[in-house]
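Single-structure report; data block below.
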Amino acid sequence: MTIRTGRHFLQIPGPTNVPDRVMRAIDMPVIDHRGPEFAALGKEVLAALKSIFKTEKPVIIFPASGTGAWEAALVNTLSPGDKVLMFETGQFAAQWSSLAERHRLDIELVPGDWRHGVEPTVVEERLRADANHEIKAVCAVHNETSTGVVTRIKAVRDAIDAAGHPALFMVDTISSLGSIDYRHDEWKVDVSVGGSQKGLMLPPGLSFNAISDKALAASGRNTMLLSYWRWDDMLKTNESGFFPYTPATNLLYGLKESITMLHEEGLENVFARHARHGEATRRAVRAWGLEVLAANPEEFSGALTAVLMPDGHDADAFRKLVLERFDMSLGTGLGKVAGKVFRIGHLGHFNDLTLAGTLSGVEMGLRLTGLHNARGGVDAALDYLAEAQVG
Amino acid sequence: MTIRTGRHFLQIPGPTNVPDRVMRAIDMPVIDHRGPEFAALGKEVLAALKSIFKTEKPVIIFPASGTGAWEAALVNTLSPGDKVLMFETGQFAAQWSSLAERHRLDIELVPGDWRHGVEPTVVEERLRADANHEIKAVCAVHNETSTGVVTRIKAVRDAIDAAGHPALFMVDTISSLGSIDYRHDEWKVDVSVGGSQKGLMLPPGLSFNAISDKALAASGRNTMLLSYWRWDDMLKTNESGFFPYTPATNLLYGLKESITMLHEEGLENVFARHARHGEATRRAVRAWGLEVLAANPEEFSGALTAVLMPDGHDADAFRKLVLERFDMSLGTGLGKVAGKVFRIGHLGHFNDLTLAGTLSGVEMGLRLTGLHNARGGVDAALDYLAEAQVG
Amino acid sequence: MTIRTGRHFLQIPGPTNVPDRVMRAIDMPVIDHRGPEFAALGKEVLAALKSIFKTEKPVIIFPASGTGAWEAALVNTLSPGDKVLMFETGQFAAQWSSLAERHRLDIELVPGDWRHGVEPTVVEERLRADANHEIKAVCAVHNETSTGVVTRIKAVRDAIDAAGHPALFMVDTISSLGSIDYRHDEWKVDVSVGGSQKGLMLPPGLSFNAISDKALAASGRNTMLLSYWRWDDMLKTNESGFFPYTPATNLLYGLKESITMLHEEGLENVFARHARHGEATRRAVRAWGLEVLAANPEEFSGALTAVLMPDGHDADAFRKLVLERFDMSLGTGLGKVAGKVFRIGHLGHFNDLTLAGTLSGVEMGLRLTGLHNARGGVDAALDYLAEAQVG
Amino acid sequence: MTIRTGRHFLQIPGPTNVPDRVMRAIDMPVIDHRGPEFAALGKEVLAALKSIFKTEKPVIIFPASGTGAWEAALVNTLSPGDKVLMFETGQFAAQWSSLAERHRLDIELVPGDWRHGVEPTVVEERLRADANHEIKAVCAVHNETSTGVVTRIKAVRDAIDAAGHPALFMVDTISSLGSIDYRHDEWKVDVSVGGSQKGLMLPPGLSFNAISDKALAASGRNTMLLSYWRWDDMLKTNESGFFPYTPATNLLYGLKESITMLHEEGLENVFARHARHGEATRRAVRAWGLEVLAANPEEFSGALTAVLMPDGHDADAFRKLVLERFDMSLGTGLGKVAGKVFRIGHLGHFNDLTLAGTLSGVEMGLRLTGLHNARGGVDAALDYLAEAQVG
């Protein structure tokens, strides 16, 4: 029996819960995308978005999913046959490399156990070995949504620098942007790939490329066939606040509001909140006697926690039970960890009590699925959350 | 520091959380309240509302708060100087009696300790003593919102019948309607008073009078001066789906949707859900070492739970802390119990995980306010809720 | 065949078209009406509303229709048997007098032809004759919604002053507030009665009493039985931003937004716009060879225009045709002029092109109903509107 | 001075006015795009969309603008160097050909005067001359949004068949779908390109490819590098109601509602309505003494009308004046006709009175811009619209 009353708990690691303020901003009449009112809006959101990426360079907004922004990052800067260093840190990293292969890039995919992020020493080592600078780009996923493991982007940047290698550095920030500290300029990222439906608290439908001067220069030399994803048309048209083709007008209204909300809370407070919720969740997981997929404390995620189900328990059967009994959506295990992990999203528009409700649903669900000793997790989380309040 | 991110927890015992479906139904253009589209809507909601009161008689819809419907019940049926038997079961019962006095009704207010509902034996005894039938009406509050105590309306009805007394029977169902089983016709209630903003899951702004033939007959004989609250104008105009003055059009759109939702869930399931949440809450309260205000298990409320703070702790300081730290609104103690109790609303559009979040906020708040042993309440609630799922 | 595509034209003289901004403001979660966020909102709207009435005295907000605010004006200030001077300027003036009679006020109703407002000389004459000051109140409707005739309130005030009479002066501003210049303080009105669903561009559900010190003093002496409508409870509770019973929370969100919008446009610009639309409409009516109900140019209304159908043509059949063929709601003839007039609302959230669409629907409808010479009305309106733009 | 009150008139030929029902459908919480509720939604809209294209074959939904669907049509079916026959019927046809060239297709662009659609005899002639079948695709724009000229797709189909040529036939239906009769299957179109923001009455953000078996077969043989636009991944995932990457969830809610609305009105009635509004608009244009850009009555558009400004008058200055004085957005002249034409959109959620308001704004604007004889246009339109009602 599915109980459906009260609000659904959408605790997948994105799309996330959209604030009422953002939904109402979206729910306004469409305006002329070639008129003066739109131009003012366009300029405003294009400027405001920079503060979220912590960049002073242009950010491109595509009316497309994050997958489109992945594609745009590659096809604007690289040419068929270019060597690219990628890391199999999880399902999305793997999908990005598959996408790259479809564009005939020569992918060197460093294998991984899905429990660790990109290892900076491996980056340095591999780049040092590339004396001829055949590697044109290094790609990493900041927060791997399939595993809840964070790659230390600054450390990877330092590794690239230590190797003195000129490769472009591209980072997927789709599920970290607006949730986990990210610094496009300071970390000298060349292309940052973002999306609307995670920390930015919007419905899906927008995705982003923050770009460096170096990436821009590369885009002038590449030989890919592209049109929709072209940066040059965008940048030129964006100058006046417009877009080269019809933008997703109403999501831009929402973007303006969501950026306002992030700044009202304060980006550093937003990051601290996510970190706190990540820690509370991990304490709950340990109390239940379960294991967090992420193995390295330095790589724990504030955006989501992937949890390993004990042998003999199917994670998807558990998720189905939680959905039916408690009207909560949890993230499924993807790829290599399908059936073995479930994911708890704790990012975006979220607070302590909603986290407590979320963990309560997991705890009850675990018991109903036969893990009778799954107790004390909510208690452990509450202890931590209450303590965090005292401080 | 007030943390405001994620959804506010509105856990006062009304107004309650309005479902998105209902809010979006309300958020539609106003229509001509004298046109055919409105007539169809008017007929539909007037008919549908009967099913919620479990009556086949007319229900009056006022564009007004519940206080207006209280006034309407009295001024349509009684005349200045009429004797009315009322019971001080809590703040709202007391306010209704004050309102009655302002209309120069002769109120006999049976005192109470605010921990019990109306005692049927007292009703019977008092009415038997009224050999001349000077008492024209008996008024009771079904679910006393200030205390979380339920008066057993059927037992009161039986007491009136046992006494063979012809007094009108009026019941305030404001915070029970759509949450706790209520039967206007079967229990021979003459006027039931309801409101939009509790179990009906609407914003405040509508209130109701369900009326019996006997009440209607009384309304023809009374000598009160009234206009806005007149039933006769309403009933006549309602026949064609219209209202004698401008109705609150958009709330009627919402009312149609909320009644649809109640029936989708099934009224009996709705009542069972509220009862389950009441029991879970009481188990939490006991685990915290606190006391529920309601003293009689037969009178426990599924709509809200009033909790006594231990001596030396101010309930309002606690509520303030919970609001500031956890962005949750709890109900204040009113009248006699001001500062001594806080109230947890668990009625309306609500589910297990939101209750868990709510109780988590209370539990953490209690500890932060110095009640360091306030532990295990959420656990106790989860045990009960999980068990209820098994069955 | 009813065509229903595109937006319905709601051109009754209220409820009026609600701006998207206002609807979205309303479409936000209900908050605790006893919490600090509500207190701030309450204080803000109570203060802002004064600017609309042009008063520095308190304005009362009832969760009720305008009829309730009519009742409140009378029952707070007068006692049964008090003599009140009223004027039958139209249906709403007549209804207000009926309501007053139900409260056993002694109404002297000056008859009228429904084509003129209150005649100031009659007021002066009648008051001069009342040497003993038996008349306790003079009541007038500023903009009579049933006729489109405006009573010159300042002139009536001057007449009262000329007669040196101490009667209270009460004015219904329901369909003039926010549309036609109105000055509660300057014109020494004692009670102004307003509603949300006309010039304030909100859905129905709120109504207002702006009150003078003199009215307030009278409210301390009156002997009416009242509760819901009591000013004293309201004024006391309003001081802290709260209300004595549950307010219509979400409409207050909307009220805040609509007042903001009125000030953004500028009240004097709002009045000028209404006046211009009234004139454009009257020019159309004359071009069609029809007659405006309002007989005196000094009393023409900027809020609505009532139009006389020629003999042999039923105004309601015409309205039905317009609704079915053009999806436009026009106002029906009420009371004495039922079947004889239709009313075109041009108040509230409205502009030149919507007026042109409105008049086009009337012009086509007139022809379809057999008035084949009804031509040139839209042209005449456009000539005027275009010319007004040049200036 | 910009007057902003009442509703903005968005009369560009898309994005169009979104119905409140559709906006409210969109304004609902985001759901898990991998859960059962989404699967049901996905299946439903994927099936329903077929009825709009009049096809029994799959329709692909991209979270992207129409430009993306243009690109998808080409990159799924053609390979670099393939010859494609295109026709310069206006700005969008020209842009599509530019996009094709960016993908290194060998474009033969038949020049045009922007006042006519694709000439079927030219198609036949050109294809007959292509004895070796080097031409792999013929591309046409059904309703050219920049000119208001309709290409007779059936006649072009017949021409291809008469030539016995195997080229793929691709049609841009972006501004005709849901406004002008279109039959993907019956006319044997291989790829139809559509978008959400025109006749489908949605905000921008979705675009479509309806595909034939022949197009699908071609997609298996092509050598383009593509990922986001791949049909094969889509088709496979769509089978279960899901999408290969995050879909624009909330726009899909809206799509479901808008298709429902189109069927409620009846597609044939929708087409007739657009045709009627096109004719009314052209009559107005002629009465003003202006010229419609479309030269051939068989190619007039029901979706929009492009109007030539007389020599010496700048169309954009006129549009600016109309926006500032009457708060109406008209479409700008694009490319070759920039400054020379303005475009009146009359497609989507629209009705007679809104058209009358629109034409009134144009008529007043023309006069204010110095075309003093621009009179009688609205009259001519009303005559026609009223007459159409009689029939």
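The chains carry the letters A, B, C and D, assigned in the order they are written, with residues numbered from 1 in each.
Keep this in mind: contacts are C-beta pairs under 8 Å (C-beta built on N, C-alpha and C of every residue); 3 or more make two chains touch, one makes a residue touch a chain.
Keep in mind the model is a prediction, meaning the values are calculated, not measured.
The chain with its CA mean position farthest from that of subunit D is B. Ranking B-C and C-D by contacting C-beta pairs places B-C first. For the pair subunit C and subunit D, the distance between mean C-alpha positions equals 45 Å.
Distance from the subunit B centre to the subunit D centre is 54 Å, each centre being the mean of its Cα atoms.
Centre-to-centre, using mean CA coordinates, subunit B is 35 Å away from subunit C.
Across the assembly, subunit D contributes 7, 17, 24, 27, 29 as residues in contact with two or more other chains. Chain contact summary for the complex, subunit C toward subunit B: residues 7-8, 10, 12, 15-18, 23-24, 26-27, 29-36, 63-68, 71, 80, 99, 102-104, 195, 197, 203-205, 224-228, 230, 244-251, 323, 329, 332.
Across the complex, subunit B meets subunit A through its residues 3-7, 9, 17, 27, 265, 270, 273, 325-328, 349-358, 360-361, 363-364, 367-368, 375-376, 378-379, 382, 385-386, 389-390.
The touching residues of subunit D, when paired with subunit B in their complex, are 20-21, 24-25, 27-29.
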